[in-house]
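Here chain A shows up in two complexes: once beside chain B, once beside chain C.
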Partner chain A sequence: MSISEFTPAATPVGMAAMPDPPAGARLDKKRFNWSSIPLLLPALGLLALLFVGPVIYSFYLGFTNDQLLGPTSKHFNFTGSANLHRLVDDPVFHQSLYLTAFFVIGSAVVGATLVGLILAVAMQNALGVTRVVVGGLVIVCFVLPPIVVALAWYAASTAHGTYTGLFGMPNADFLQSAPLLVVSAANAWNLTGLAMILFAAALRNIPTEILESAEMENASAAQRFFKITLPLLRPTLITTILLMTLLALANFTVVYVMTAGGPGTSTMILPVYSYLQAFQYNNLAYGALIGDAMVILATILSFVYVRLSRERS
Partner chain B sequence: MAVEVETRSAPVPELPPDARPVREPRVTSGRLISNLTLVAFGVLFIAPLLWLILGSFDSHASQTIEWPHFTFGNYTGAANSANLQALRNSVIISLIATVFATIPATLAGYVFSRQHIPFKGPLLLGILMLAGVPLSILIVPIYQIFAPRNYLALVPAAIFLGVTSLPFELWIIKNFIDAVPIDLEESARLERAGTLQILWRVVVPLALPGIGAAAIFGFINAWGNFLVPLVLIANASQQPSPVAMYGFFGGNVIRWGEIAAYSIMYSIPVLILYLALSRLFRRGFVLSGAIRG
Partner chain C sequence: MSRKYRGGRRLVALTAIASAMTLIAACTASPSSTTSNGKTVLKVAYGSQFVFLTPQLAIKWWGTVAHEFEKAHPNVTVQFVPIPGGYPDIVNKMSLLFRTPSTAPDVAELPAGQMGEWVSSGFLLPVNKYLSTASYWNQIPKSVQNETLINGKYYGVNHGENTNALWYNMPMFRKAGLPVPWHPKTWADVLAAAATIHAKLPSVTPLWLAGGSAGGTIAIQYNGGNLLAGSTNSTIYDAKTGKWVVDSPGLRETLQFYKTLAQKHLSASVSELLNPNAVDGLPGLLAKDNTAIAVGANFYAESWVKSTCGPCWLQAPKIMGVTKLPTINGQGAGYASVLGGWELSIGAQSAHPQLAWDFIQTAQQQTNMIDASNWGGWVPPSNVANSAAAFVNYAPPYQKFFAALLPASQEEPNTSPFTVWGTGFNNATGAIIQNPNISIDAAVNVMKNYVTTQLGADKVETIG
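And then the complex of A and B:
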């Protein structure tokens, strides 16, 4: 058999060996497509106008004498660092920082994350019935709208309420005597469901072989948990803690509806303080400055999280 | 050729005549502790909910949990015209917010997932960080922007509310489109379909579970929001349910039964939506057989 049998039958002699390259853009490499712009414009435009822009504007407003009503509500002036001095010397602001830290760490990190972890671990070993009922219950608590959470907890923690009765002191007013504790508990009650779901999913991903081989080497349940399970859960732990922290930091409704920052200033977390300064005490600019402090806090937290989650991966 | 295989295995020990199969004991201390822990937490968690449910059916409702004097009167009382108006406002606000969040998020999510733009990485990271910004920060500047222009009404507030859900929705949709195989789009491109056609005919139908999940998330966010309507809606008749419920509180006589009934009425749509959401998540990972081979 000669080689000519393998040449394509339709190739006339003298034709170019390769066809012309296709006209137009290369399809193998991604290039910038002009159609991206109109598709991006709604989202980026809305975000710039109603999200990013206002945050930047808020940093400007914090240094003005803007008021809610009155002479400087429409034509306000830049006042330099006057508001900043006021912030630094403001005892309520300092107290607010501590209260916010306690509230966030207490209700989110310790409360919701810890209880969510306990529940998720307990659910692994529990009867199907208990798992479904209690699990479903905790998730319903997460799903309820914040105002309902606030109202139900207000009713439960003041005199003759459910919790006061449960703990045997029906005439006590828990909300009055331990307000920060009660609102932290309410927030933890609200957020635990999410933590539980996240941990349950992560626990399911732990390969059982590791735990079984540890069991065969006579490791106790506690050893198995602390030496194997917990380290494997570390990424989920970080994600959950950060998520809970951000959600707690943003909490306005539950605290404001239950206590409005009181009694006195004992539950004056930053969001509530900012709102009250702006819309009740007429100091829009000062409220903006407090909000700026919150932005800085939230940003620091996000950076810490990115750092921590990059460490291990 | 016949092959004979001679196997030699270890000698099997003979079982003693009274041998019984070994089963894991059903009641272990670990199991007991787990169940007791769950039940204990369950009791702690259910207390306010139980009060809510029982109180809504109780004609003499108070703050304590007691066996109700059964009545539907709380529900009929709570469903007065003002409250129903508030519920209607909630629906309108949530729908507007969802539209203004989900449609831009879908369009932009497609670009972030499939197309090439400069600075895509930092832009995406920036959008994700926006999702963590607390709402309370935005309220003051937005108020200062809206107030002089007479925008303190339902529709602008709803649009703003939608935009606050936009970053997270974009993230959800973008991740979902990432998981959709690109083959269908490529074959559509080969047939010279335009980008908009590809979006509408190919991408959106395939990404519908993810888009649905994002939309539900945005709706629930808007439905439950209290601060935004409180500050940004000046007219009391345009207020949605959360603000209306807060108003119940200030009265001289707090009608716990009606508050409980209204709370349940207001919470039920959210519960239904969360059920739909969990169903979507389960179904979302099964793509129809759109791609052959």
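And then the complex of A and C:
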């Protein structure tokens, strides 16, 4: 018998017949569900209208000579790379990049994330009352409007404020003498509550059996934390750091209200410098370009974090 | 294809059509220039929180003017566009309003500063042809008229002005053995008085002179800008070369004054001087009776009266004296004061320029002009209005004094780069306040480097 003459054997005797495959699309592969489009359309529309469109327009504006007030406010032109050359040569922009990096890393990556983690771990074993009170206070700090945060920290860190009094230096002005440190502390204070919530939820999902087994194997508290808890917290850690980074990168109100980028340019982070150029110096296009730089920075950081979180999984 | 998928595609199509229709309807809706009963709408934009001494006084004044105008023009409805927030918010919002014809106001209350920019943007209508009907126009000093004079055309009329002088605490002066009334002739006299106060009354602030960038460039006209105006060379913008002055004898003299105050502890603490409220909060601070001398504006007097209460300090005339801020060596007019005013202008795209002018005329009638100044903390621009009893007796004895400063007061440049220059100036004064031992060269360099970076080396110069 040749292969062409081969026919599949009939169901062997004694065995039940194979059922027919179900009608419709195969379920072993992900397929796009067209009926989800109407449900997604409003969100896609909002995304396009409120994010994609403005970002694209902002990128275009950054390469024009648009002014808020001035000869090119009504009719502006595309100026090619003129603004880009200015940005590259602008020492205040370079300083702003460095200050922003310090602000983001100091207040978000280190400050809020670290303190949030410490609080979450500490509260795991705390009494119920302590957990409620401390947790409640920390969350209140997070939900306060940024203007309230700024004004509270301004009052506390200037002469005759709470912090200067606590340190026994009522006439000292911490905000003027260490402005970047104080605004970073204010931002970290504001964001810590969110980090604490994220870590607290993640800690609850760590199986207690693993920790109990380690304890039975005479692992110390530090060993259990660094060898078991922290590795299991990695996805949450990366997500939290990403969230804190993006929130700190976009922070404008706290810094602007407390110092307006001063004294001099000592707290001139990118959002404040972008605002100054666009709305005080009327250089709308240049301010937009600085904003574009922030978008690119945020995008790069997001990719890095997403990549880091995928590597593990 | 299953019925499930055909139904899904139908739903997609219907949703897309509905969304598109909603979007089109939203985008094509625009405000009308007539009301539903056919009346003409006149849009008037003004600062609702920052310009007048209180928001309530702003509402009262604008409401009165609108009522009088509508009574005289029954077919017109005034539509107000109040702009909340501070000075930068007013400038920003007004700029955005003017960029679109449908939102551009017919009448706008604009700060005199940056008037050149408003004009170069093409936002304002020249009012030269209307001025012949303005009976008050020739009563306004040239220095005030010229605030809106750009390339031979006037682009608005003044609504009210600020002038500046030295406020001093008379009981403190008497206690320290200083003369009352006080008439310093030079900066050295002012510093000597401050030093005497410091020696005899160590618990008070001898001389309040704010600086730094927290108060913004608007604050310059209430503090260091007055010193620069009284220096040996007050040039900020050199009209001949088209460049901004970043180093001059006048700037160095001004910075030296700040340095002397800081080094000899003749002023308030760093924290207080660099506070964003170091200028606006001064009426309250003086009322606390712990500051001997302050460089300050006329509006403090109007803040203390009962109808404003910002704060209420009815005893002020018995405690606070005022005297002219002398020029550095007594040269020139012998005193220095910087102008800071608000203008009423007509939008270039106004469909009703004559009505807009009629509204301005109503606002500028003597009673309304005086009320605006009393409630806005200004001096009326007209010398008839500012010598009228209704103004002079509103906050005696100060009103007449500050009105007399108007003719010789100086205007600051009114183009956008002034904001950059002002930031540089504020950075320099702030550097000195924070570090009194910084050299004048270093302080000048703080300003020079910043302004040069922002404007370009071809836009700045050193004089003297």
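One rule holds for everything that comes next: the second predicted complex is superposed on the first by the 264 of 313 C-alpha atoms of A that agree within 3 Å, B and C clash if a C-alpha of one lies under 4 Å from a C-alpha of the other, contacts with A are read in each partner's own complex, and residues count from 1 in each chain.
FYI, contacts are C-beta pairs under 8 Å (C-beta built on N, C-alpha and C of every residue); 3 or more make two chains touch, one makes a residue touch a chain.
This is a predicted model, so every value here is computed, not measured.
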item: Chain B versus chain C as contact partner of A:176, first or second or both or neither; value: second
item: Touching partner for A:279 - first (chain B), second (chain C), both, neither; value: both
item: Partner chain in contact with A:35 - chain B first, chain C second, else both or neither; value: both
item: Touching partner for A:46 - first (chain B), second (chain C), both, neither; value: first
item: Chain B versus chain C as contact partner of A:158, first or second or both or neither; value: both
item: Partner chain(s) touched by A:74 [first = chain B, second = chain C, both, neither]; value: both
item: Chain B versus chain C as contact partner of A:235, first or second or both or neither; value: neither
item: When both partners are placed on the shared chain, which of chain B and chain C touches more of chain A; value: B
item: Contacts of A:264 with chain B and chain C, given as first, second, both or neither; value: second
item: Interface residues of chain A shared between complexes with chain B and chain C; value: 35, 42, 73-74, 158-160, 279
item: Residues of chain A that touch chain B when the two form their complex; value: 27, 30-33, 35-36, 39-40, 42-44, 46-47, 50-52, 54-55, 57-58, 61, 66, 73-74, 115, 118-119, 121-127, 130-131, 133-134, 137-141, 143-149, 151-156, 158-163, 165-166, 170, 189, 192, 221, 246, 249-250, 252-253, 256-257, 270-271, 274-275, 278-279, 284, 287-288, 291-292, 294-295, 298-299, 301-302
item: Interface residues, chain C side, partner chain A - complex; value: 2, 4-5, 7-9, 11-12, 15-16, 19, 23, 88, 91-92, 95-96, 99, 114, 117-118, 120-123, 212-214, 216-217, 269-272, 274-276, 416, 419-420, 423, 427, 430-431, 434, 446, 450, 453-454
item: Chain A-facing residues of chain B, complex; value: 30-31, 33-35, 37-39, 41-42, 45-52, 55, 62-65, 100, 103-105, 107-108, 110-111, 115-118, 127, 129-130, 132-145, 147-148, 159-160, 163-164, 166-167, 170, 189, 194-196, 199, 223-224, 226-227, 231, 241-242, 245-246, 249, 256, 259, 263, 266-267, 270-271, 274
item: Residues of chain A defined as touching chain C within the complex; value: 24, 34-35, 37-38, 41-42, 45, 67-71, 73-74, 90-92, 158-160, 171, 173, 175-177, 259-265, 279-282
